[in-house]
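Take this structure, written in structure tokens, and hold onto it; I'll ask about it next.
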Amino acid sequence: MNVPAAWYLVLAAILFGIGAFGLLTRRSALIMFMCIELMLNAVNLTFVTFSRTLSDIDGQAIVFFVMVVAAAEVTVGLGIVVAVFRRRPSSSVDELSELKG
Amino acid sequence: MTLQIPSIHYLAILPVLIFFGAALLLMVGTALLRSKVSIAVATSTTVAVSLASLVVNFFQWRCVAKAGASTTIAHAIVLDDFSVIASAVIAVAVLMTALVAHDWAIRERVSGVEFHIMALASSGGALLMTQANDLIVIFLGLEILSLGLYVLVAFDRHRATSSEAALKYFLLGGFASAIFIYGAALVYGATGSTNLTSISYFLGSNVLLRPGLLYAGGALLLVGFAFKVAAVPFHLWSPDVYEGAPTPVTGFMAAVVKVGAFAALVRVLISSLGTQLDTWRPILWVLVVLTTVVGASLAIVQRNAKRMLAYSSINHAGFILLGVWAGTIRGTAATLFYVMTYAPVVVASFAVLTLVGGVGDEHHSIEYYRGLARRQPWLGGALCVLLLSQLGAPLTTGFYAKFAVLASVVDAGGGALALIALVSAAIAAYFYLRWAMALYADDDVEGVRVEVPRLTGAVIGFGVAVTILFGVWPGPLATLAQHATVLFTP
Amino acid sequence: MAHTHSSLWLAALILVPLVGALLAALTRKTEGRAYLVAVAAASVELALSLVVALLYNPHFSGAATFDFYSRHVLAAPFGLAYDVGVDGISLLMVVLTSLVLLLALLGSRDRRREPAFVAWLLLLTSFTMGSFVAHDLLEFFIFFELTLIPCYFIISQWGGRERSRAALKFFIYTFAGSAFLLIGILYLGFLHQHQAQGDLTFAYGTLSSTVMSHGTAVWLFVAFAIAFGVKAPIWPLHTWSPLTYAEAPTAGSIEMSALLAKLGTYGLLRFAVGLFPLALATMRPVIMTLAVVGILYGSLLACVTPDLKRLVAFSSLAQMGFITLGLMSGSKIATVGAVLLMFNHGVITVGFFLIIGFIEQRRGSILVRDFTGLQGPAPVMAALFTVVMLASIGLPGLSGFVSEYLILIGTFATHAWWAVVASIGVVAAALYLLWAYQRVFHGRAEGANATLPDATSRERWVLVPVVVLIVALGVFPKPVLDRISPSVQQLIEHVAPSGVSK
Amino acid sequence: MNWLASVDPLFAHGVTWVVLLIVVIKVVAGFSMLMGSVILMIWFERKAISDMQSRIGPQRWGPFGLLQTLADGLKLILKEDLVPAEADRFVFKLAPYLVLLPALVTFAIIPIGGTLTIAGHPVMLQVVNPPMGILLMLAMSGISVYGVMLAGWSSGSKYPLLSSVRATAQMISYEAALGMTIVTIVLVTGSLSVHNIVTSQAGGVWHWNIIRLGLVPFIVFIIAITAELNRPPFDVVEAESELVGGFHTEYSSFRFAIFFLAEYMNTITMSAIIVTLFLGGPAGWVPSVPHLRWVFPILWFLVKTVGFAFCYIWFRASLPRFRYDQLMDLGWKRLIPLSLGWMLIVAGFLVAKGWGFFMGATVLLAWTLLTRAFEIGAVRESGAESVLPTVGERPLPGGVLRSMTDEEDD
Amino acid sequence: MTAVSYAIPSVLIFVTSALLIVVGAVGVISVKNPVHAALSLIMTLFGVAVAFIAQSADFLAAVQIIVYAGAIVVLFLFVIMFLGVDRRDHVTVEPLVGQRAFAAVGVLLTVGGLVTLMARSHWVTGAMSVSSQGTPIATGQGNVRELGTAVFTTYLFAFEATAALLIIAVVGAVLLARRERATQTEEAGQ
């Protein structure tokens, strides 16, 4: 007998919570971004678990779409990060020299 | 095992197809033609697409009139008057934005063709949301809409704030999406389906002994939507993003996102979770109060026109939520009426802001508006009318929009809520009026004249004309909105 | 129901100023033409309203006393309709509206951006006219709200030094107040719809048959009263008015004090009292107490206020207290008096503000301490002021006397103590007005005061109608009373417990 | 435990000690085979290349220098293990194992022979046959990027970093084409299990995927997999002339040995994968020798695999290295459209002939359009209004450029 | 509830996946270096994949590794290295007002609420009645087939919509990340 679905659901909830917390507290865009991925993973886990308990394949099918969305988001998001970084390459050089001094 | 491909009612998805198809066409065209696709071509494509979509909407309307509301493609898409009207509103907003963006792109020397591609695709997402009958389709529509907007927000490369705003918008938008889909997951767990009709059927035919999961899921869905429409306390991104985004994009965002998100919200809350009305109403009550009051109050302290309109848009979101709170046919119609009238006004308002913003899109302090109506009575007067419409002054559509939602709320027994919302409108009046007063200030009559390109001028004129015409004679729109909500019987 | 006169007359009353405003706005280029257009429109308007007043027949349309009646539904989902009709009460207000417009135009010409100014004035008149002839709550509300916009622009652009603050304060107070009105109207409309199971409607005649509990009636009455109380203004809700009256340009002060304030009292009588008779038993003492407090408070502040416009503002507060007292008293005589006072106070206030405007134009100041002994250099002006002032004090033979007398007599019959306290206000009025007169006009004129030019012939001619009306209505108010009485009679009967059979 | 049986008939009668033993033996045998072949492979490569270059190659240790590799390995292990001062120590130490892991795991899913019966249990000559076997292979090839990438990054040195950025881009780029060809195979097989892929190719050369799918997927696959392996001619990652030693420049001793080991392991595994996917795996002519019939499939498999291993060596010896931008162009502009188009055509023919021709026409049209688009792109790129930076500038990430200039300042 | 004994392997698998997930997730939000965060993220992703397998979603587990670990995180690392933001917490976003407090409260509420739901022992409320007529999910090949069927019937439209999503994402990313030709003229102007 498999472990109860609730265990996995709680696990997913905790993962979601950690992701949300990280998103709201960290300041680095890239890490915030990863936190979104954590949250989406929690969602996937939830879907799969419900799919098991409901004996319904739809839950697993949805996970696909979530993954596609995650991939699309990452693409655009990293594009934005690159664009932001491009805007201020000079400042980072300043920062570098400060670090040296 | 044979695969039964669901039947597809092409008329129902034709607007979506047209929008995406045109985006693809433009994209392929840019790639395949040796000479650059001129912005004029792109703009006319968008205009043609919007008009075509409107025509299709007309046929859809007739189809619904004849055959009634229907779902198609395995019940993922619904064709009813509500979606038809909502898509028409989106088409109009896109049309207006395209014309404003045309002049803007020429002025700012950014690549307008790409702008149109993204705008078309993005509004395709909004169209999906208006038609979606499945949480997953809503989610995808939301994502298409948002991804397009992230790019559009970052579109102005000459300003650092543009891409930084995009980053902020993106991170919080992603957060919202995650919350939304988590809510969808919980609802799926509680009801066994993501299809709105199935959920509604399940909830109608079963009594949940422990509805906690459903409530949690519903609440998360609501939070997701609240983020998207910038309802307080999930609004924190909106002023920064509104300010940072290129001004035509801000107008587009304020209009199209609201239409899409509210259409989907209404579907989720009313046609799907309508049986749980008593549960979500109190939450919405708090949300509405916070949104209207905080939105209006914070707008007062702003000195930047775009930020002001951002908070004003938060305030408006609160008013639209009022119609949802009512949870009745009247409320739904009022919500629809509100977005119908709000969209042209807000796009036109931001069109004026685009013009005043000047080359570089930076002149957004309220100071730049001093004496504008003196120097350019038509432009200033137009802005004044648009502001009055947002304020809710009679003889503009804004009044009837507010009237409709308030009426629905009072009808549903929310007199106190309506009163709070109206008081917030009085607070909001302060900054609209202060702005209007600045327009007519006579101490700075010798300022710089604002160039008014023809297309943008036409858009502003259209916005003003709509708001006054239907402000005097709201009958047709009101009837349209009322007819459009036949499906929504809670 | 018998045949009524054509409602096109009323439509014309609304449209003439509107068209005038458009024309005036369009004559931006030519110097002075806008003014001529405006005066022409105002004259036509006055003529029209007089014709309507003469044609009006209170018994023509059967029991309802509303003449010129007609109703067209504009937007069924909203219950929005164009629904007009006048009875004796509104008729008087219609005449007052057009009269005040003409006097304001003739008496205070502001040449700064004149086309816009007169256009706003005409618009304001159109909207005010609309409110007075509206026979539908929603329609009334829309016109009621619309009046804010021209007012706002008139104050904020042509007002005094603190005009922005004044305009904002005025707008937001009134706007917030009318929020209550809108909610009340909506609630009433839906209450009626649920009872009648028909289309949503806000028609006055239909809604007056709505059945409601006492509690509901009280709450609705309070909601209405707050909105109208702000507009009137009634005592604790008046705080916007002194600043606004003082900062507004002369024409604006005239319109607001002589006319818009009446919108408040008119609404109070027509809608708050007329629709919620059940609430009266509870609310009557409260409102009347507020009215009396307003009378005393206004009088007191009028004594100590340093400038002339504020003086009139506070005196208006007191006068509004009298009107409210009469309206709420439940006595027919007092109500008739109050309606008459609404008209008379309008006329008197026009006089006050015109004369103050003349002085302000000459000296650029309205502070009492800046003036002394104006009687010497400007005897005609002093004389005109005296007439107006005496009418305001309530000297027998002048118009003020008749209305105040009716109010006090009527109120005394139903609420004696309130009437007694209120009569202190009459004395106080004499006190502060005479004192002000003494300070401004008596004594030795020095400096700028000594060379103050007397009223020009144009100014004299403008004030002639005011004086004529003051005297005429003081001596022979019967034609007016004949028109008011049946309508008031009907209203009182409807409100009286016996009238509320359902 | 029912699902185990669907994975492997070995578990049909439940899990007993015997079964477990068989599993352990399979695992151990599989991996020792892999290790052994690596040693041989290295020797083989050195010998083959030296022959091609008219050199002698290793000859001292063991017969024909067979033990040379062992000696090299011993030497490496005995060397000092250096960790650069700037390195991210944890990741630096982790990276080699990340390279090794996918190589080992991927090999586990390859069937190297038919099915045996041992102690009454049917035993597949395949370490494991997961139902998603081929996806596992894809997953592992996805993971294998990490080792290279992190090794380069964690070294804290600019050449390895450059190398790792290149490696990442290259491996992601070719993974798409790789995946697409695998989808083509899955389409005709109707299963994701490697075992089923092999059995579906049984019945003669004409059923092998290389023929059945029309050669194109095979060519795409072999190119893509060579790129995935970072083997010549796609070895810009460790291009000595540009990047010293590539991502493992800073590695020494045992860790370096692991990289080395993994690289050859991967080469062998990928040869085996090609054989499995396209050449019928162990399929081949089996003479009816009693009791030894099971040996022949293994022999066939070995022969084919060695053939491909030789191909890699051959490539290395004869083909010049691609330039970075050519590499990208080939991946994105040729292989991905080609494999995608071919997949569509195959799918079309699987449904119906008409669909197949329709798909073919569509692909043709798309190809024309794409070519046109590439042309335009090339013109614009070289023109005055170039969108992209010039070719020479492109492979250098901004961060690296900056750190270089900074150091010049010192 | 009566005491239920669960098969030890399934508990072990759960514990493994839970450890991977939680340790990885905490790693993501706590480490300074984005590369390390990405590595922690991979750990979580593997944990989730394990959880998928334990719940007979093998196909998804494989896809999880291919898409997330094989593409998404690689992309992350690529950008980190490409931009050189690895050694410093560089591309930052201004924190919003009261963000931390909001974070703490909001997250506590969410997780707390959900765990409370669990404590009331019934997660799945009544939906079994609807879907119990459906057969249990097959594993292995059947799983893929069912999955494919679901994607092309129930979620056909959603599937088509992903096409639009991916296109917009790719075009958007290209638009964002490319260099602007106008910058050249700008620099020339300066």
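Some points to look at:
Order of writing sets the chain letters: A, B, C, D and E. Residues in each chain are counted from 1.
In this section, contacts are C-beta pairs under 8 Å (C-beta built on N, C-alpha and C of every residue); 3 or more make two chains touch, one makes a residue touch a chain.
These numbers come from a predicted model, not from an experiment.
Shared contact partners of chain A and chain D, listed by label, are B, E. Apart from chain E, the touch network of the chains stays a single piece. Chain centre most remote from that of chain A: C (centre = mean of CA atoms). Look at the CA centroids: the one farthest from the centroid of chain E belongs to C. Chain closest to the overall centre, judged by the mean of its C-alpha atoms against the mean of all protein C-alpha atoms: B. Summarising the inter-chain contacts, the pair of chains with the most C-beta pairs in contact is A-E. We define each chain's centre as the mean of its Cα atoms; on that basis chain B and chain E are separated by 29 Å.
The distance from the centre of chain B to the centre of chain C, each centre being the mean of the chain's C-alpha atoms, comes to 43 Å. Along chain B, residues 136, 140, 143, 147, 150-151, 154, 157, 163-164, 166-167, 171, 189, 192-193 each make contact with two or more other chains. Residue positions of chain E with contacts to 2 or more other chains are 56, 59, 63, 71, 75, 82-85, 91, 93, 99, 102, 114, 123-124, 127-128, 131, 143, 149, 154-155, 158, 162, 165, 168-169, 172, 175-176, 179. Every residue of chain E that touches chain A in the complex is listed here, in rising order: 4-7, 10-11, 14, 17-18, 21-22, 25-26, 28-29, 34, 37-38, 41, 44-45, 48, 51-52, 54-57, 59-60, 63-64, 67-68, 71-72, 75-76, 79-80, 82-85, 88-93, 95, 99-100, 102-104, 106-108, 110-111, 114-115, 118, 121, 123-124, 127-128, 131-132, 134-137, 143, 146-147, 149-151, 154-155, 158-159, 162, 165-166, 168-170, 172-177, 179. Contact residues on chain B toward chain E in their complex (touch as defined above): 1, 3-6, 13, 20, 23-24, 27, 73-74, 76-77, 109-110, 114, 117-118, 121-122, 124-125, 128, 134, 136-137, 140-141, 143-144, 147-148, 150-151, 154-155, 157-158, 163-164, 166-168, 171, 189-193, 195, 198, 202, 206-214, 216, 233, 236-237.
Partner chain E is touched in their complex by these residues of chain A: 1-11, 13-35, 37-38, 41, 44-45, 48-58, 60-65, 67-76, 78-86, 92, 95, 99. Chain E meets chain D in the complex at residues 33, 35-36, 39, 42, 56, 58-59, 61-63, 65-66, 69-71, 74-75, 77-78, 81-86, 139-141, 143-144, 178-179, 181. Within the complex formed with chain B, the residues of chain A that make contact are 9, 16, 19-20, 23, 29, 32-33, 36, 39-40, 42-43, 46-47, 49-50, 53-54, 56, 58-59, 62, 65-66, 69, 72-73, 76-77, 79-81, 83-84, 87-88.
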